[in-house]
Amino acid sequence: MSDNKLYTRKFDFFYGAFHALKNINIDIQTNRVTALIGPSGCGKSTFLRSLNRMNDIIPGICVNGEVVLDGKDIYERNVDVVDLRRRVGMVFQKSNPFPKSIFENVAYGLRINGERNRSVISRRVEESLKDAAIWEEVKDRLGESAMDLSGGQQQRLCIARALAVKPEIILMDEPASALDPIATQKIEELIFELKKNYTIVIVTHNMQQAARVSDYTAFFYLGELIEFGETDQIFTKPGLKKTEDYVTGRFG
Amino acid sequence: MSDNKLYTRKFDFFYGAFHALKNINIDIQTNRVTALIGPSGCGKSTFLRSLNRMNDIIPGICVNGEVVLDGKDIYERNVDVVDLRRRVGMVFQKSNPFPKSIFENVAYGLRINGERNRSVISRRVEESLKDAAIWEEVKDRLGESAMDLSGGQQQRLCIARALAVKPEIILMDEPASALDPIATQKIEELIFELKKNYTIVIVTHNMQQAARVSDYTAFFYLGELIEFGETDQIFTKPGLKKTEDYVTGRFG
Amino acid sequence: MQLLSKITRTVKFRRLKEKVIESFFFINGSFAVIVLVGIFSLLLIEGFPALQEIGFKEFFLSSNWNPTSPVREAYGILAMVVSTLMVTLGALIIAVPLGIACAAYLADVAGPRTREIVKPVIEILAGIPSVVVGFIGIIVVGPLLSRLFGTSHGLNALNGSLLLAVMALPTIVSISEDAIISVPREFKNASLALGATRWQTLIRVTLPSASSGIIASVMLGMGRAIGETMTVLMATGNAPALPSSFLESVRTMTATIAIELGETVQGGIHYRSLFVIGFVLFIMTFFVNLISDVILEKYQKVNR
Amino acid sequence: MKIRKRNVQQWAGFFILRLAALVIVFILVFILYDIISKGHRVISWEFLLEKPRRGMTEGGIWPAIVGTFWVSLVTIVFSVPIGMFTAIYLNEYARQGRIVRLIRLAIRNLSGVPSIVYGLFGFALFTLYLNLGLSIISTGMTLGLLTLPWTITASEEALKTVPMSYREGALALGATKWQTIRSNVLPYAVPGMLTGTILGLARAAGETAPILFTGVAFFWPILPKFPVNLTQQFMALPYHLFIMSTQHHEIVKVRPLAYGTALVLIVLIIFMNTVAVWIRYRFRKKYKRA
Amino acid sequence: MERHFHEQLQELKNRLLEMGARVEKSIDLAIESLVRRDSPEAEKVIQADDIINQFEIEIDDRCLKLLALQQPMAGDLRFITSAMKINNDLERMGDHAVNIAERAVTLNSRPSLKPITELPKMAAIAVSMVRESLNCFVNGDAEKARELCKKDDEVDGYDDRIFHELLTYMTRDKGNVARALDLLMISKNLERIADLSTNIAEEVIFIYKAKTIKHHLNSSDLDDVRSRS
Amino acid sequence: MERHFHEQLQELKNRLLEMGARVEKSIDLAIESLVRRDSPEAEKVIQADDIINQFEIEIDDRCLKLLALQQPMAGDLRFITSAMKINNDLERMGDHAVNIAERAVTLNSRPSLKPITELPKMAAIAVSMVRESLNCFVNGDAEKARELCKKDDEVDGYDDRIFHELLTYMTRDKGNVARALDLLMISKNLERIADLSTNIAEEVIFIYKAKTIKHHLNSSDLDDVRSRS
């Protein structure tokens, strides 16, 4: 048992017969950034998407063990997935703004939650855009299509969209991997700001990025959680040979 | 004037009215790796593709100045583009093996050049696969489809394919950006090996990668060549403030 | 507490609503299956008694079709099966090279301007109703053929093939063109970067990569030709005999049904035998489409 | 030397390809030219708006136009909703499994079934078993079945062009499935669905074989009045053309009328195609950056 | 763009400055305890060394983390590696201060050999060098750092004079030898502190001018950089 | 997977070893010139320092480049930062050797004070510490490095004894003072060399055990690591 907001115990995940995650025990610290690293196909994305049950979309999956959010296993039968996803927001690898106006993108989550009050909506939109550090860039063009923004701006817009419904946890699957270094840096800085108010879990291919943005790092390999610990520990003095080999590039 | 195999002088490039490259003077050192870095849209790819006239495919382009290969301007009228591209090979960002067998992929370049002799072809194929450090992994399955290889293997196969026609210069446009860190490392090591026999120009988004693989680095910004020099110089003590700001991430 | 129960209520309501919506769509989705099964069983039910009466052997192996003969009714469909295949084959011989060449031209050679002109042309050609094509066959192609070959009229298998070729061309061109255009740009770039000419790239890389799509387009065109009714009805002369050359008049399976169903007695053996022909057509096109389907699926897998 | 040879090879190859395209363009131009040049002479308000007279050697084609219109209307009403809903089921709700495979198999086969077979089926089912007789409604429903696979396929294509990321984005924000579909899928798919539907309808409007036995009449000058008269027989443009070109007793005399009918039919179909293409064009332009 | 990383660099700078201040204070105190013959003061210096050592460990760790986590380049990289060296230099100055304090305790326990006049002057210069070199480091003032290197000569001059003076004392009276030796060692310690400040100044020049001037004895930039003790 | 980078690390190791060998040789030579009263030998040591300084610059540069170009992590990173420190330590040992050589020249120019017996023994231990600490570094032998740290005590013992002996000489005869002082300084230099070797050993432990043992005076791992002079 743990006092953490979110933790997993003996968590297993199967794609049909393929055992994609094996006995994962991890504690996600509140108001910290946890990075998931590991070679391609080790199950990072699968794990991330297990945390808000986005994997449910995929047919033939099967889970075992617990993922506990606020003391409640999210895989229990009576859990409302829709509500869960509202509490555990997600940002995707490729920015995916809806082809609506900037304003409507951010307002979307509020509207589907039944918020009708105009002034409430526009206040939340402004707040979210500010939190996502994109307000200054778009405040004069909220009515324009979100598709006209640059890649980095789109990604921050998607973050704003996720923030608008006030999630407690934000999951990010390689949020900067499609961006150029400058846009990437902006996203990294944003993550650093966001952790003041949110708990963040981020998957990244880029070890350096994990090193830069996270407080805790989890190293996955072949579906197993090899090592989990403070980021500076993992990158300066990892506890296990496998981790050391991976971070120093002696792997594979 | 210069004694280098490949250099440009006062090179300008236009997409229609858009001035994409401005007065580029660069000397590509023989048997060295030259990396092109710079923020997105600065013209790195455009420049690279100018070196083997792959830009010719795009309608409405216009060039000025010289790109000199072995003392001859490749943009002169009587230059045969097809022949030029054989001498200046290219590897693309997304690995693009043909949907043929592994063997046929590498043999392709030889066949289109009219090589019919089976034993010559199979010798060249083996050599190229060895040079591209993928021979061991595929030697028992040369007849299988190249599409079944992993991303990193595909990329090395594409390199082997480019090597088969014995180019003098190899251009690579972000050859590892779609790969995971381990495959990326293999490509980087391969580049290091290849420079013994080839002259390599590589575009990369990833500054660290440029630092690791190249001997010379060219920093582009807004279509201009800002600084060009030895890689360790550029990354430890760049000559210009702009370069320093870019490599230390104080940019934009 | 009250709030909590309200939340549970809304959650329950939401789930119920979602379930209802999904079921509604599912019911619609099942309709296609019902229709197909309906067609299959109806053809079988209506046709089977006739087959029993006539006998398999005569029905499939005799080429004598004379249901209205006052002497002895004959129900052999061999002649029309052969006619159907022959006309179809002729059509493919004409349409396949032309169609693929045109597709390659559009996808790889033509400038955007040309493509903008030719693509709508193909679409319009696809839209021309079969009666209109048949009409042209009677009025223009027929006389032309009779003059060319010195026959009394030009309503023969060749005419049918020509017209069917026109009918099949749009299918072949547009699906092949799709296949060729969806060959990833990267393949072409790779080939060009290796010093291949555009022609070499087209022949050695692009077309082979698109081959399954192209083959599928041919199969689909073939299915279309086999099932085509009005053009062949109007342009092939309607002679229910085993043809020996392309210059003879023929009558295909589809044409037979079209001509004769109106004159039959419902429930009679003639009526039922036409349903059997329909059934055979159904099966033939089923297999042709199945093959093209398998090929297409493979091709989609490769290009993913 | 070698280089020149390769250039010649390329030139010759491209020449052949260009020729093929030219041939196809020529075929269409020829057909259109023939029909327009000979058909336009008989076109008049009288031809369009009058009933045929004197054993159809004079007068117009108004009943055929009206008949085609009503049949098409029934076709739409019958096939479009089912088609779209099926597509939504398949693309949005269905999980890969036996049932879905079965449905897809059925759809693919339906699209390959020859139109004459639909005619047989419609005849047996609607006119005989369901006792709808030879009527507009039987015919419309037959054509509805014929167009169903096209509508489904076109709708599914349209749904597929909506990026997965729109759905994931909405779901991840806590939208329900139906909310996601309604707000983030359908708006972007409807124009595409419309395009496909209209294209299918244009093809259906030109079909002859399936309607031969379900109610089309050689000569039926009584115009149907909605809704009571959907059970009556009717005339249709393609069938009229068929009659005028093959079955008429004074075939040479009515040839100009046949040309006129062909012209009207073609114009109608081209018009529908143009509308569909226009919608697609606007749709693409609007969401191109997506 | 301001980066979180740059804040961390700033923090590193501040920590180094703080450490520098402590080191200065230790040196001052040690000399004072000698002049005022106040041994408890010297004890404080000895105790304070623990804190300075903690500083060193912390700063070293900080640098290592920055290197591992931020992949610094160019100026930032030079800054961090130099910080590691400066850190080392400061810690050693701290050790020298302790040595001085220890000698002071020994000396204070015995009668005064002579009035101590030169050593405080020398110490003042050395301490000012420490302070100034760190200021140069903070303000990125390579010019001033260059000048600072020349000050080292002054300190060396004091060292020489003190050495000769003490030699006289020793040769004059055997009883003086041990105490003179202690004073001599203190002078040597101060001289080393000045040397280490010079090292810091050199690092500053390295960071901001990207030039290695150490050992370039015949470089015109700085003719008088001495090889270290 | 073997990486080009790892070759470069190996090369860095080799360069450090080479530098270490030169430093050892300088120390040996300096002591020999003292024992054999052979000033030209001492001159050689002084000249050789230039090369050692060149080594230092080169190795430092190498490390900086590796840090900038290869983004080392974990063990590799610790290796490189430690290499920078070891490099610094070696260079300072070189300087100490020069100091010894300079004193030797002075001493050689005057009559011998006494037969030199203890210093060579002390030097032998110091040199062996240099060699062994570098060996530990090369072989990644943290155990041995830990033992090595204890050897420093022996050297300190020599230093103490020599100091007292020389003190006796000085107090005995004023004329001895200057020469005894020189010898005393040589002993101090050797003691520093041993200290620096201890530093290297500590770095080795840091690299391979990822533990900072410096200053952890009451750590059970190593109770006797001394704070630096």
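Letters are used for the chains, namely A, B, C, D, E and F, taken in the order the chains are written, and counting of residues starts over at 1 for each.
By our rule, a residue touches a chain if its C-beta (ideal position, glycine included) is under 8 Å from a C-beta of that chain, and two chains touch if they have at least 3 such contacts.
Since this is a predicted model, take the numbers as computed values, not measurements.
Asks: If we look at chain A and chain F, which chains touch each of them?
Replies: Expected: B, E.
Asks: Of the pairs A-C and B-F, which shows more C-beta pairs in contact?
Replies: Between A-C and B-F, the larger count of C-beta pairs in contact belongs to B-F.
Asks: Compute the distance, rounded to whole Å, between the mean C-alpha positions of chain A and chain B.
Replies: The computed centroid separation for chain A versus chain B comes out at 35 Å.
Asks: Between chain B and chain D, what is the gap in Å from one C-alpha centre to the other?
Replies: 51
Asks: Report the inter-chain centroid distance for chain C and chain F in whole angstrom, where each centroid is the mean of the CA atoms.
Replies: One centre to the other, that is 90 Å.
Asks: Where in chain B do residues touch two or more of the other chains?
Replies: As it turns out, chain B has residues touching two or more other chains at 82-83, 182, 185-186, 207-208, 211, 235-236, 249, 251-252.
Asks: Pull out every residue in chain D that's touching 2 or more other chains.
Replies: Where chain D meets two or more other chains at a single residue, that happens at 6, 176.
Asks: Which positions in chain E are in touch with at least two other chains?
Replies: Within chain E, the residues that touch at least two other chains are 1, 3, 5, 64, 68, 71, 73-74, 77-78.
Asks: Which bits of chain E are touching chain A when the two form their complex?
Replies: Going by the criterion above, the answer is residues 1, 3-5, 64-65, 68-71.
Asks: Name, in rising order, each residue of chain B that touches chain A in their complex.
Replies: 39-40, 151, 180-183, 185-186, 205-208, 249, 251-252
Asks: Which residues of chain C touch chain B in their complex?
Replies: Its residues touching chain B are 184, 186-187, 189-197, 200, 204-205, 208-209, 302-303.
Asks: Under the stated contact criterion, what part of chain F meets chain A in this complex?
Replies: It comes out as residues 1, 3, 5-6, 71-78, 210.
Asks: Spell out the part of chain F that touches chain E in their complex, as residue ranges.
Replies: Going by the criterion above, the answer is residues 49-50, 53-54, 56-57, 60-61, 63-64, 67-68, 71, 73-74, 77-78, 81, 84-85, 88, 91-92, 95-96, 98-99, 167, 170-172, 174-175, 177-178, 181, 184, 212, 214-215, 227-229.
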